[in-house]
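Below: a set of structures, written as structure tokens.
Below, chain A partners chain B and then partners chain C, in two separate complexes.
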Partner chain A sequence: MSEQETASPRMTRLRVTIPPLKDLVYEQCGYAVPATFACGFVDLHLDDWERAERDWENFVALVLDTDAVHPRASGGVAIRQAVEAAAAFLVDDELWPWCPMCKLDADDRTGGDR
Partner chain B sequence: MSADLVRAPGSFRQLGERLLGESFPAMDAEDVDRYLDRAVARVHEATGTEPLQRLRASRAEVLELVEIGREDFRSAHPRRPVAVLAPDDVIAHLGRRPTMKLLARKLVLDFADALDVIRTLDEVGDAAAVIELPAAGTPDLALSACSGPAAARDRVRGLAAELATGLTAARNLVRAVDLAIDSAIDLASSLRDRNLARGLADARTSARCLDQSLGLDHVLTGDLSRDLERGRPVRPDRPAYAEIDRAGDRAHLRRLADSVVVARAAAQEVREALARDIARMFLRIGRLNLDRLDDESAEALREAVNDLRGADLRSVNLVGVDLEGVRWSPATRWPDDWRAQIDRDSVLIGDGLFEVRAGARTAGTHLLLAPL
Partner chain C sequence: MVSPRPTGVRVPGRPPPHDRLRDRMRRRLRALGAYTGVRHWLLVRGTPLLVVFAVLYVVNGVVIGWKTTYDVTIGITSPGDREVPVPALAWFLSVCGWLAAPAVFGAVAGAVVSVAISGRRQRSIREALSRNEPA
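Moving on, here comes the complex of A and B:
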């Protein structure tokens, strides 16, 4: 994670409203995220919850500045699109769970779960 | 400032490509492309945005391509079968991952509360079903006391006494029901379900109306007994006797039974929603068998999430987390800045075992964090 990636003006302003992972656990959380997402992501970072939260926010912030968010969307709508896109991007049939921010090796992870 | 007004979004696809490349250097370009196709379709599905414009294909075509890609991927990487978990597996998983306990805590405790509410309502329903309202009507008794032969008076006196005893018994049961509903309301308040709260409140109102109405009848029946006892003239048209309202008692009892049924249905819905949420939490390790989530396993889960003996919680953000009932040992590692408060809020309950007292709550509610 390089410095310029986290310092976008759009992001610093909006960052405060990125929902924390624990808000995404409930079915009725208001965001269409895959069921496995929040817990899988926290689980993946298990010994470091704060890091999971930070990686999540940083990743959403990156997605916020892409065309996964409608060009005219702003505020809560933009955040929701970014949150949903970020989770949808990660929860893949074959690779999930993984974290683009901490580059963990996929095999180590699945091995450590037994 | 002006740079912020004109938004020039980067490409989601390019971002994804870069991140996949960094995380999985061994992944070949074709697999990366397939991943991105799938991801872009998922994003489109989830948000309705079109980060796929660059593909110059209709959504249906893209989805078809993605499906083909997915099939290829599946044949190359057969899926592992999904484990079916029993509650014990979840408890074992939590045992290995103590920080997960703090994440699962509110759900598990709410779930156990919901089961308690259902159990209480079942008891209340059973009790309401056995409340027997004495059948004989007091005005009828008064009538036969004054119009029947003198010899019938003794028999009527006996009936009036029986009626009074029956009313007392019914009243005691109704009071027990009222208390049980009270405890269900306490439990349910943490579940914050409007239907459940309304059902319970109705049940309590009906129980209290029934109690009052039985109480009034009891007083009036007592008056009749005393009048008979003392040989006073008994007149069936005496207003007080006419007020003995057995039909009203029955109506209250029916309403009580109905609202217990309503509350129970609401509690059952809460239970099912929470069970689904718990199952979702552990989807990553397998599919939780919801049928096995019974009273006993809920109790075991409740104990598991409260047991933080020896857990290393230094990395956990405790802001806004309700820790009431958590048990910990000197080996438990708390975040440094919480240590003093946890010490202050805990009591020694056994050999090297501490429990966080009722009402203790980590302070400083953070705007970002809903209570766990």
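Moving on, here comes the complex of A and C:
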């Protein structure tokens, strides 16, 4: 078992549900996400936790259908890969200047990129 | 030892909202993409099909009688038979009975068998030995 899985006994069983942002704030969340990710993502949404959580869930659900998750990964393993890939994508060197889900909504409303 | 807070991080001004049951259920539903193969199909497509079939079965049971409904479903009685009072309704059930229901139940059987088959040879030697050690 990896160090992360043994760090917290509560996190040894990978749950098949998208972890909310508020569970990713701390280092021992069980997922390898950058330390500033959760707070930074909420900050992008002007402290609107509900909107940030919704966009986070939509983004992870989208990542679950990409090649960022191993084709044979399933259940909690797939969730962990998707969560970590999503966070890594959004952070990279620094957090994206906008939320990609919010931008998609805005583009849909304005009829595509201008 | 507590790790120092990274520079440039602003703590959100509002605390996170309380976790409600519908939030937990929504997150679990959005996580269905984590499953693969037949299990994913069963959860995403098979369950709605099964629900439609169940509703159709119950409606037919109430309208044309339970025995006739069962006979039409498994093909003993034709939906156009004289003893079927509402053939139009029975035709839908009959098509589901030989088309949709076997697809769903076949997928369930396939998933069960594939889980049993693929569950072998998943452990390392160390894990296998640690489970066989006497207490």
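Throughout what follows, the second predicted complex is superposed on the first by the 83 of 114 C-alpha atoms of A that agree within 3 Å, B and C clash if a C-alpha of one lies under 4 Å from a C-alpha of the other, contacts with A are read in each partner's own complex, and residues count from 1 in each chain.
Convention: a residue touches a chain if its C-beta (ideal position, glycine included) is under 8 Å from a C-beta of that chain, and two chains touch if they have at least 3 such contacts.
In this text, all values refer to a predicted model and were calculated from it rather than measured experimentally.
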Q) Since both structures carry chain A, what do chain B and chain C do when superposed there: clash or fit? A) clash
Q: Figure out whether A:Ala35 sits in contact with chain B (first) or chain C (second), or with both, or with neither.
A: both
Q. Given the touch rule stated above, what does A:Gly76 touch, chain B (first), chain C (second), both, or neither?
A. second
Q: Identify the partner contact of A:Asp65: answer first if only chain B is touched, second if only chain C is, both if each is, neither if none is.
A: both
Q. Of the partners chain B and chain C, which touch A:Asp43 in the superposed model: first, second, both, neither?
A. both
Q: Would you check which partner chain A:Pro97 touches, where first means chain B only, second means chain C only, and both and neither mean what they say?
A: first
Q: Have a look at where A:Pro20 lands relative to chain B and chain C in the superposition and call it first, second, both or neither.
A: both
Q.
According to the stated criteria, A:Ala88 is in contact with first (chain B), second (chain C), both, or neither; which is it?
A. first
Q. Quick one: chain B or chain C, who's touching more of chain A?
A. B
Q. When the two structures are overlaid on chain A, which partner does A:Asp55 contact: first (chain B), second (chain C), both, or neither?
A. neither
Q. Between the stretches 115-123, 313-321 or 349-357, which region of chain B is in steric conflict with chain C after the superposition?
A. 313-321
(Q) So chain A touches chain B in one structure and chain C in the other; where do those two contact lists coincide? (A) 16, 20, 22, 27, 35-36, 39-40, 42-43, 47, 49-50, 53, 65, 69, 71, 73
**Q.** Interface residues, chain C side, partner chain A - complex
**A.** 3, 6, 8-17, 19, 23-24, 26-28, 30-31, 33-37, 39
Q. Contact residues on chain A for chain B in the complex?
A. 9-10, 16, 20, 22-23, 25-27, 32-33, 35-36, 39-40, 42-43, 46-51, 53, 62-63, 65-71, 73, 80-81, 84-85, 87-89, 91-95, 97-100, 103-104, 106, 113
Q. Within the complex, which stretch of chain B touches chain A?
A. 3-4, 7, 9-12, 15-16, 19-20, 22-24, 35, 38-39, 42-43, 45-51, 53, 70, 73-74, 77, 79, 97, 99-100, 103, 107, 273, 276-277, 280-285, 312, 315-317, 367-370, 372
(Q) Taking the touch rule as given, give the residues of chain A at its contact with chain C in the complex, in rising order. (A) 16-22, 27, 35-36, 39-40, 42-43, 47, 49-50, 53, 57-58, 60-61, 64-65, 69, 71-76, 78-79, 82
